[in-house]
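What follows is a pair of complexes built around subunit A, which joins subunit B in one and subunit C in the other.
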Partner chain A sequence: MDEAQLQVFIDGTIHYFTQASDEPADVGTPYLIGEEQTVADEYTGIIGISGKRRGTVYFTAGPGLLKVLLMSLGETDLSHEFLCDLVGEVANTISGNARRSFGSDFMISVPLVVKGQPERIHSPNNLRSFVVPINWRSHQAALVITIE
Partner chain B sequence: MGGREAGQYKGIIGAIGLFMVFVAGVFGLNFYMAERLTTDGGGVTLAGEQSMLAERLMKNLMMLEGRLVAGDPVEDAQLALRRAAGSFDSILSAMQGGGNATGPAGNSVFLKPISTFTGQGLLQDASRSWEIFKEALDPVLAFDGVVYAERSSEFYTPAGAEFTGLVESAVKVGSAQIEPIITAMRRLVRHLEAEAANRVAQLRLIQGGAVAVALALFVFIAVYFGRKISREERAASQARQETDNILKTVSEGLFLLDKNMNIGSTHSQAMERIFRKKSFADSKFERMLRDIVPEKTLKTALDFVGLLWTDRVNARLVKNLNPLSEVEVHFDDGSGGFETQYLQFDFNRVKQDGKLLHILVTVTDVTQRVLLARELEESQTQSKEQLDLLLSILHVEPSQLLAFLEDTDTSMKMVNTILKEPARDEAAFRSKLDGIFRQIHSMKGEAAALGLGTVEHNAHEFEELLNDMRGRDRLNGNDFLPLAVRLDHLFNHLDQVRDLVSRLAELRMAIQNTPVEAARPPHVAAVPDFRPAGDNPGQTANLGTAGEVAEAGRSVSMSLGTSQSMVSGGLVGALENLVERIAGETGKKVQLQCKGLGDSEIPSVYRKAVKEMAVQFVRNAVIHGIEEPAARQSSGKPDAGRLCIAFNPDPNGGHEMVIEDDGAGLDATEIRSKAVARGLIGQEEADAMDNGRAFSLIFRAGFSTVDEANKDAGRGVGLDLVRHRVRELGGRLRLSSAKGRRTEFRVTLPAADSQADVA
Partner chain C sequence: MLSRNRTEADAGMKMMIVDDSNIIRRKIERSTELDGVRIIGKASNGVEAVHLFEKTHPDLVTMDITMPEMDGIECVERLVDLKPDVLILVVSALSDKSTAIEALKKGANGFLCKPFTDKQLNQALAELIRGE
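Then we have the complex of A and B:
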């Protein structure tokens, strides 16, 4: 996976924050994690990538960031269901952006939302993942990309 | 119903048809006979009425005679006589020749002629008598004059008298003829009744026979075709069972497609395994593929299958165009990911009587085959790279290589740690950049010292990225993305090196365990080095055990005792290689002298740092210090420059590392100028700087006197790295230089004991 392809997922994430709030998110310095490691916060939206390249992309955030984001969207219900929906929506935006950029050679799954630490996020073997910290206001989230 | 089924049931349909024709024939005959009986019944009735008519005729004639005697009116009697005679005559004629007759009540009836011989004879008998009687009767019937006279002396008129005579004559003739007529008619009645009874008997016989034949036919059809159908059903059932068994057992997915791309109702059981679903009923081919292949592939596949339905297209010719001949499919694994398989779809036309009915689709799971082929292809692609890699590591002493791998792994993890540290402002980003630069530069230097060209090349490309980032006015987190990608490449490359080292170690172990080895004479070395002959400079020693090497190759997290088995000879050898390579590339001659770099002479806690610093000092000295031979000659120096590295204990319990060369020395003016040009200091600061402070600029990150960076110099990282290492170890760094004559770096390190905790 090259920078351009990774950038598509990052742009999708940043785009969501730009659309959803008046304050854009910024990206921290990306780093690597091994295949057995995960960087998962309380709420995680996972999408599977297949076709020309295979892998997994997930957006993970804590309730703090998600609640503030919900409020900035004008939502007053900050319940667990709404937080799950929101993290799924972010993943969906990333997925849509990737579909537009990668075209019909790729298959991108419907987002799966996981609450709590996922046991294991399925991704191709022997691959390191790129962790892209997402900073928004005083909160942190992460975008994790594992693609061949 | 298809043609085959129609043929199968042709016999039974024919038999039932014949049966129906037979039943219809029997019904027709029955109808005809019933009609005949009705006609016969009519004949019997009319024949019976004829005898009554004859009697009535006679009675009317006699009543007319009586009236004439009594002088009563005769008109009504004459009218009744006429009617009776007319009816009798018309019926008799109709019985003989057929046609309409007037019944006794004045009604018209149609009669068929009585055709039997006896009947005709009786009618002739009756007709003869009737003709005689009729001859006498006709003048009576024709009379229309006045019968009685008006005067009392004469009872009758002359016509009346004649009429009376005619009546009397007719009575006489009638009395003689009526009896034969009545007899003939009665006999005719009996004859006709007998005929009717005979027909009834015939009808019963025919009906009985027909019922018997119908029953026989029914039994035949039931038994014959029942058996035949049963046989065919058994055969069909067996065929179905065999088909079921095939469909259950076959490992390929089999199904039929119709023209509308609908999947047929029957399919092989393997379909469920291949497509991970139970039901395909009412399913479309498009629906089956849509979830598992990309949209582009789906569209091409549907176009292809559509093409197969075109008769003019040759199936064998278009087979090569099949986009699903080996297609990658992806099944949603339910946890946000996909499970990838490879399927092969074959399409064959199913025709009957030249007409295309279906497309038979055969689906084979070729995942294993494809993966093996892919693995083979990848291994072939990698083989050249691995060969280059192999050649580059063959000449490196294993212990040095293992130590290098461990060090680089640590360095790259350190780079990753630096990347991971939170940073949101410019200073933090710049600090990260410098930290990463030092790690990568150190790695590159060591790789260069060991002659690991591929690693050095990868590290150099990494540095190019870092250098590019350094030149930017502003940095953000996203700018570091290429570094993470490059780091991943570097990790992968070193994984390959490790894998190769591991395989070499295993090979070495295998050689050790061969009987040939066991039989080797004691004076021959038991464990050959895997380096080419003559590549060992002589100062290297123990390789460690094969087990240690193998283990170290698999993982860099081996114990210190093994990993730090890098001997001083190894370091010296590496430095010599480095000097030889850089001197060769720059056209210089250098004599390297090493002292105190022996294995036991460097405390273990300093080994890595000493190695890193020695590499950087040596590179720095050869590139920046030692002049080319011509320049040296003009300065009255020998062609070959002298470079000395000494690592010695000092009286305070610490150690001192001295690097000295007899090269061009430092030019404070040039250093100031370059520092200003690179934006490290301002012109005013440069002007106010004494030579000592100017010399210290060479330890600043990003400082270099080389205008264009290459893989050996120009980044301004090497001495920055040295400065950081010295600071980390709590040491001191001093520099003295005489322009045109010499440069000396002196690193003072505290007692090794004080570093134990750090280590």
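Then we have the complex of A and C:
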């Protein structure tokens, strides 16, 4: 994945938070992690990528950020079930929006949501992952992209 | 947007919301502020949507695409078979042109990309109802 392709996800992340909350996210400098490393907070929404490219895109965040984001969306139910739903929906939206650049053969799965720290999120061919740090309203989250 | 003629019937339109995210279903329900539009049901996948549609006969549907069981593209086709003049607004994160074109070819009338604001949702629904 080159810099321009990574930028698609950065732009998608900024766009998501701006639309959802009127307050853009501050995206930090992306960095690479090794194939055995996982960056994960309490809630993680994972999208499987298939088609011409293969891999995973996941959004991971703590309950603090997710609760504030739910409130920004006008939601009053801040239960565990809704935090799971939201973390999957963010991952789904950012990945789906990437098709504007990658095309319709960038196939995305329905979200898989993991609560707690997964030991490892498997991707094909043991690719290294790009981590995009996200700061929003004093909360931290990350988007992790592992794509062929 | 593709259009179909709507006249007096618009005064009391029944709307169904289809999305696998409960947050999005509830957001669409809360955000819809159009006179005469009444939410009559919500479904979390295409199969559920077809069953609910057969029971409630809505005039207007918001439809996600990426869903388990049956995706939104297939569901659009099924709903249009059941009621050819149903108005369907696809509300999806899949923002490539070919997805929108495929949905329109199957019988959808409009496309709104996620994430959306309340204003964008109401504008898209209003345009659909006006046949724009």
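Things to note:
Throughout what follows, the second predicted complex is superposed on the first by the 146 of 148 C-alpha atoms of A that agree within 3 Å, B and C clash if a C-alpha of one lies under 4 Å from a C-alpha of the other, contacts with A are read in each partner's own complex, and residues count from 1 in each chain.
Just so we're on the same page, a contact is a pair of C-beta atoms (placed from the backbone, for glycine too) under 8 Å apart; a residue touches a chain by one contact, two chains touch by 3 or more.
The model shown is predicted, which means the values in this text are computed figures rather than measured ones.
When the two complexes are overlaid on subunit A, subunit B and subunit C sit side by side with no clash. When the two structures are aligned on the shared chain, A:Asp41 is found in touch with neither subunit B nor subunit C. Of the two partner chains, subunit B is the only one that A:Leu112 touches; subunit C does not reach it.
Applying the stated contact rule after C-alpha superposition, one finds that A:Glu89 touches subunit C and leaves subunit B untouched.
By the document's definition of touching, of the two partners only subunit B reaches A:Thr56; subunit C does not. Ranked by how many residues of subunit A each touches, subunit B and subunit C are led by B.
When both complexes are overlaid on chain A, the residue A:Gln19 reaches subunit C alone and has no touch with subunit B.
By the touch criterion defined above, A:Glu75 lies against subunit C but remains apart from subunit B after alignment on the C-alpha atoms of chain A. Taking every C-alpha of subunit B against every C-alpha of subunit C after the fit on chain A, the minimum distance is 9 Å. For the contact definition in use here, the residues of subunit A common to its subunit B contact set and its subunit C contact set are 103-104, 106, 109-110. Residue ranges of subunit A in contact with subunit B, taken from their complex: 1-3, 6-7, 10, 26-32, 46-51, 54, 56, 58, 103-107, 109-112, 114, 118, 121-123, 128, 130-133, 135, 140.
Subunit A meets subunit C in the complex at residues 15-16, 19-20, 70, 73-75, 77, 81-82, 85-86, 88-89, 92-97, 99-100, 102-104, 106, 108-110.
Contact residues of subunit C toward subunit A in the complex are 20-24, 26-27, 30-31, 66-68, 92-96, 98-99, 113-117. Interface of subunit B with subunit A (complex): residues 293-296, 328, 330, 332-338, 340, 416, 419-424, 429, 432, 476-478, 480-485, 487-488, 491.
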